[in-house]
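Several structures are given next for inspection.
What follows is chain A paired twice: with chain B in the first complex and chain C in the second.
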Partner chain A sequence: MKKLSARRRHPLAAVVVLLFALAATGGLYAAFAPAGKAQADETAQSLAIEEGKKLYAVGCASCHGTGGQGTTDGPSLVGVGSAAVDFQVGTGRMPAQQPGAQVPKKKVIYTQAQIDQLAAYVASLGAGPITPTESQTDPSNADVGKGGELFRTNCAQCHNFTGEGGALTHGKFAPSLEGVSPKHIYEAMQTGPQNMPSFPDSTMPEKEKKDIIAYVKAVNGEETPSPGGFGLGGLGPVSEGLFAWIFGLGALIAVAVWVAAHTAKAKKS
Partner chain B sequence: MSSQENPEEALPAEQGNAHGEVAPKDDPFADPGLPPHKPRIQDLDERAAKRSERVVAFLFTLSMIATIGFIASFVAFPIDKIVYVWPLGHVSALNLSLGLTLGIALFCIGAGAVHWARTLMSDVEVADERHAIQASPEVKAKVMADFKAGAEESVIGRRKLIRTTMFGALALVPLSGVVLLRDLGPLPEKKLRETSWDKGKRLINQNTMEPLRAEDVVVGSLTFAVPEGLKEDDHEFNQKIAKDALMIVRIQPDEIKNKQQREWAAEGIVAYSKICTHVGCPISLYEQQTHHVLCPCHQSTFDLSDGARVIFGPAGHPLPQLRIKVNDQGYLEAMGDFAEPVGPAFWERG
Partner chain C sequence: MSTATTTESKPQQKAPAGERVADWADGRLGIYSLAKANMRKIFPDHWSFMLGEICMYSFIIIILTGVYLTLFFHPSMNEVVYHGSYAPMHGIRMTEAYASTLDISFDVRGGLLIRQIHHWGALIFLAAMFVHMMRVFFTGAFRKPREVNWLFGFLLFVLGMFTGFTGYSLPDDLLSGTGVRFTQGAILSVPVVGTYISMFLFGGEFPGHDMVARFYSIHILLLPGIMLGLMVAHLILVFYHKHTQFAGPGRTNNNVVGMPLLPVYMAKAGGFFFLVFGIIAIIAAAFTINPVWALGPYRPDQVSTGAQPDWYMGFAEGLIRVMPGWEINLWGHTLVLGVFIPLTLFGVILAVIAVWPFLESWVTGDKREHHIAQRPRNNPTRTAFGVAWITVYFIGLVGGGNDLWATHFHLSLNAISWFVRIGFFAGPVLAFIITKRICLGLQRRDAEKVLHGRESGIIKRLPHGEFIEVHEPLDANKLHTLTAHEQYAPAEIGPAEDENGVTRKVGPAEKLRVKLSKGMYGEGNQIAKPTAEEYKEITSGHGHH
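Coming up: the complex of A and B.
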């Protein structure tokens, strides 16, 4: 103890004390905050909004403004609805890593419960598309054929005819739909994230969205058969032709060179 | 005739010196001739030759087995059977087995033939000189004489009527081909300039085939529309949709930079032709924040907030805009046809 007091005038002493103080404050907060929440005996909805507001203040406010009004770094979130939050945060696009042409999908950092709280808070800012329920996005009884027709009319121009994705202008791109959950596909159509146009229920009813989800699952799901064996990314005849020219003809040339390079003579010269 | 029937006569005298001619020592550019022949192991050792024979026979036999396998798998596998094969994934059993067996059958024939040629067929180098191309004077004279005799015997020189009518017949026959060119037509006339859009025709949502209401179209959304009355089982559906297809977006009126575009829109809802003005690809890669529309074929880019002006790519014209309004019942309807031809430019477009 004597040693400790002897060091009280050390240049780093203040830093150490500050760290202790911060740890103590944080620890006390963590210990008491849940109790405070339980005491505020309100409806689950307003509780979620309250929690979402706290998460929002930490993770989103720097770009979208303290009240979701938007800043030069991020658009306003008034009226985007809970579906947009569920999509953007649920696919890891938000919070954005860095500004750029397009915010890509990445590891999701919030739990689904936290995402729901954030969504509840943002939905409270203004009415917008609501996160769909399980039954709204379930494609099990949908019409895959009709879905294919709708997909080719509305989606295939950017996302490719089997949802492999494609390039747009200035570094933007339509992402691949492989492994995207039905809920997120539904929300993307509903809300039109980033540069994707939206396909609201007024022009594309819920049933048609289900058909599209069923089609995407049929042509780009885990169990989707590839009858020929080499899908080559499903990018179409150009990539397939290029593959045949480079690797097909390349293999023939390699075999011909190999045959000619090996002499059949008894005495190698 | 006799010299033509025996081409060997035209060959140079010194032929068949397969092991190289010895050039005069003072000629620096002399043909060095062929290198000395080296034997193969199969030429020296009969057992090695037997081995090669067995290899070739094995390859041919494998090909036969693969062909039988091809026929067997064609019979055995139903066309829709999907199996999991590592590392290809879920593949059609029929496609995979047909491809593999046919591939093996063809490859083994080729490989067997190559191995046969390289190890067992004679590989002694042989030089074979070319013939002189020119025919001998006697042959030429005989051909000319034969031709003259033939012309004489056909009486074409004497019987002028036959000659003249034959020339007439030969000259007229190609006319039938010229007449058939008419079937390349008829000319398109007004078809390139007109679409099915007309005053009062409502815009039908291509997804639901229901008429579109102004409030259905929200800012940031993308909708495709066809004219009222266009049915998919129409005889001319494909020709019509290729000109009628519309792209409907809603832009905040103050974001629309082009005055005419703002006037032709209904409450900020703009209707543009979906057909690219470059070579007519359906164009609808719409970016809702920039209002740019990109053509997937040649990357022509149009700015939908500025009269669909071309901002990039090979397209020569802005996308034609259809003038629309909201009618009394709240439905979107056209106020006439497009003001200019839709789709790619053509010679008489003006």
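Coming up: the complex of A and C.
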């Protein structure tokens, strides 16, 4: 110990201590930090982040800031996670066409590879919900009945009984769930895009999300049977009433006019 | 055996079987005198006189299909776990009412079709009653002696609304349950007695276990029973008063020109019944109505967007949706004006159209019978009032569907609410003014046509170079039709003193009556129809213009 204490006022002592401290923190971090996917294929991942950063600078930075810190035109993207990017860009909502009450979905302009790169870059800004894998969103073995109950409890008040969508205040709206892929429904629940509340795994486990997806696909999917005939948009009594007036009563009045026009009277001419 | 054959071998001595049956019935029921009086009953022909028939036929269709549904529906709120044919509801707890509705839809033969005929029929029934009522209103067919029948018809419409409401609430699905909850909220908003009525109606706290069973009795027994009675009374009165007819040559206040009930009208009406049934059945076979399986069972903790009532209750929904949430808290009691005012308006709006005939007869002071239906243009104030009323009704409907207007026309929900709030007051006023102008314009055109004839579209050049359009004079029939209507003179207060010099008392009611009368029939509120003298003066002289 003598040697150490003798050199404690050495000009380089501070540097050595600093080196030790850094090594200790680094080593501890390496030992205890969560092992992300980044470690597995580090080079591919960092390449994706690089590419994503370039795409980000072109398509997103004007509103979300050059480093994803957010501006007055767009929120910060730190911590939104790759799932949010995959949903927003994958459904065409982002990049937004114009600011407004809500950004509607539109044609997707990025390829899935580009979306993944963007997602990798945004995910690198801060940890957040991760894009789900296919097995996480596959509803094939889920409980449709339970999903319906969950849907009516958590989703129907904005999205309607069968996910036809509905209005919110000041021009905002809950979009129709028709034709939305299981992955995007999952991500929407996970991240809570725009005006939607989020349902993280802590409040709604993966299994329940699958149940909900299964229910939506069962009642508003491509193969949903319509035992009663044409559905009139599935919007309920308003479209039914309109139809009854225009086509029901309209047809009956047309028939009444026809019947009244054909009397038993002898033809005049 | 042999005696039987001998009697049958001489049929020419006995009357035909049909006559014998009729004789038998006449001896017991007196049908000959009934038939004599009614078989040749005359009905005038006009398509708008068949609107009431649409109502009657759809009502019959609803009763018939409803009977079939009662065979399979379980009006019970006992909880069961569903394991029927519809997979997305497997394992869900629901009431027997909802489960049996699913069974009717998926397992009972023809159940879904009958259910849809029943429901579509109900929507069309109410719509037809609405249009029928408006036809009677706009043609003044409610005037003496038909005021009571007008009230019967009005009651049928209101009872129809509530029969419909109790009916679509029976399946106990999430949509209708939300509607019942909405209604219960409206009942609770009634000061003092609201809570008691709610507790009485639902047998305790909402939703309780009695609602479906009680609504069931009301829906299949109480209300349709009253309606059936009213409808029969309505028809008896139509027979008794005879049908109104539009003015025309040969048609007077004292006759009815048309076809006899038997055989012509019976054939037409019978055929029309099947046409109505056919159209409703086609619609029911091709278009879904109220897909209860997609809605889920009612649970008070769940709700869906797009929860609207059927159209006839829609304006009440709209009034509540756009009403600001005002409330007053006094001495520990809450008066929920945000719900109570719309609830009151619901009754007031309906009542206003019902009392119009009485207001009109009071203003005109006319005690004579009227059997000639008027053209709407010839009573501009009444027509304008009717259109204003429909405008209020329609604006209420817009409010009731405000979320769908918002999503389908990309509008802000709040903007629609404000539109409805302002439109509720401004809309009827605008509609009144515009309709009145249109009516007066049409009256002017009629007068013009009578005096100057029809514009032929032929331009003629006179020898001195002037261009004129040739007008074709109308024939006598058309002249009669266009000038057959009566025009009231506006009431006057009269001299302040009678012939003996005694000051006459004029009460405020009389003053109001005179004022209203001037507003309906005074200067600028109707165009004087051409007189025979005017016509002669114009047609006797120079032919042109």
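Simple rule for what comes next: the second predicted complex is superposed on the first by the 218 of 269 C-alpha atoms of A that agree within 3 Å, B and C clash if a C-alpha of one lies under 4 Å from a C-alpha of the other, contacts with A are read in each partner's own complex, and residues count from 1 in each chain.
Rule of thumb we're sticking to: a residue touches a chain if its C-beta (ideal position, glycine included) is under 8 Å from a C-beta of that chain, and two chains touch if they have at least 3 such contacts.
Just so it is clear, the structure is predicted and the values come from calculations on it, not from any experiment.
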| item | value |
| --- | --- |
| First (chain B), second (chain C), both or neither touched by A:Gly234 | second |
| Contacts of A:Ala13 with chain B and chain C, given as first, second, both or neither | neither |
| Contacts of A:Gly171 with chain B and chain C, given as first, second, both or neither | second |
| Chain B versus chain C as contact partner of A:Val144, first or second or both or neither | second |
| Contacts of A:Glu223 with chain B and chain C, given as first, second, both or neither | first |
| First (chain B), second (chain C), both or neither touched by A:Phe199 | first |
| Comparison of chain B and chain C by chain A residues contacted | C |
| Which of chain B and chain C A:Glu208 touches, first, second, both or neither | first |
| Chain B versus chain C as contact partner of A:Val259, first or second or both or neither | both |
| Which superposed partner A:Gln157 touches (first chain B, second chain C, both, neither) | both |
| Footprint overlap on chain A, where chain B in one structure and chain C in the other make contact | 153, 157-158, 166, 168-169, 174, 226-231, 259, 264-265 |
| Residue ranges of chain A in contact with chain B within the complex | 150, 153-154, 157-158, 166, 168-169, 172, 174, 192, 194-200, 202-205, 208, 223-231, 259, 264-267, 269 |
| Of all residues in chain B, those that touch chain A in their complex | 38-44, 82, 85, 88-92, 95-96, 99, 114, 118-119, 123, 205-208, 212-213, 215-218, 220-224, 249, 282-290, 292, 294, 296, 299, 301, 312 |
| Complex contact set, residues of chain A against chain C | 101, 143-146, 148-149, 152-153, 156-162, 164-171, 173-174, 215, 218-219, 226-232, 234-245, 247-249, 251-253, 255-257, 259-261, 263-265 |
| List of chain C residues in touch with chain A within their complex | 45-51, 53-54, 82, 87-92, 105-106, 112, 116, 120, 123-124, 127-128, 131, 174-175, 259, 264, 268, 271-272, 275-276, 279-280, 283, 285-291, 293-296, 299, 301-312, 314, 400-404, 406-407, 410-415 |
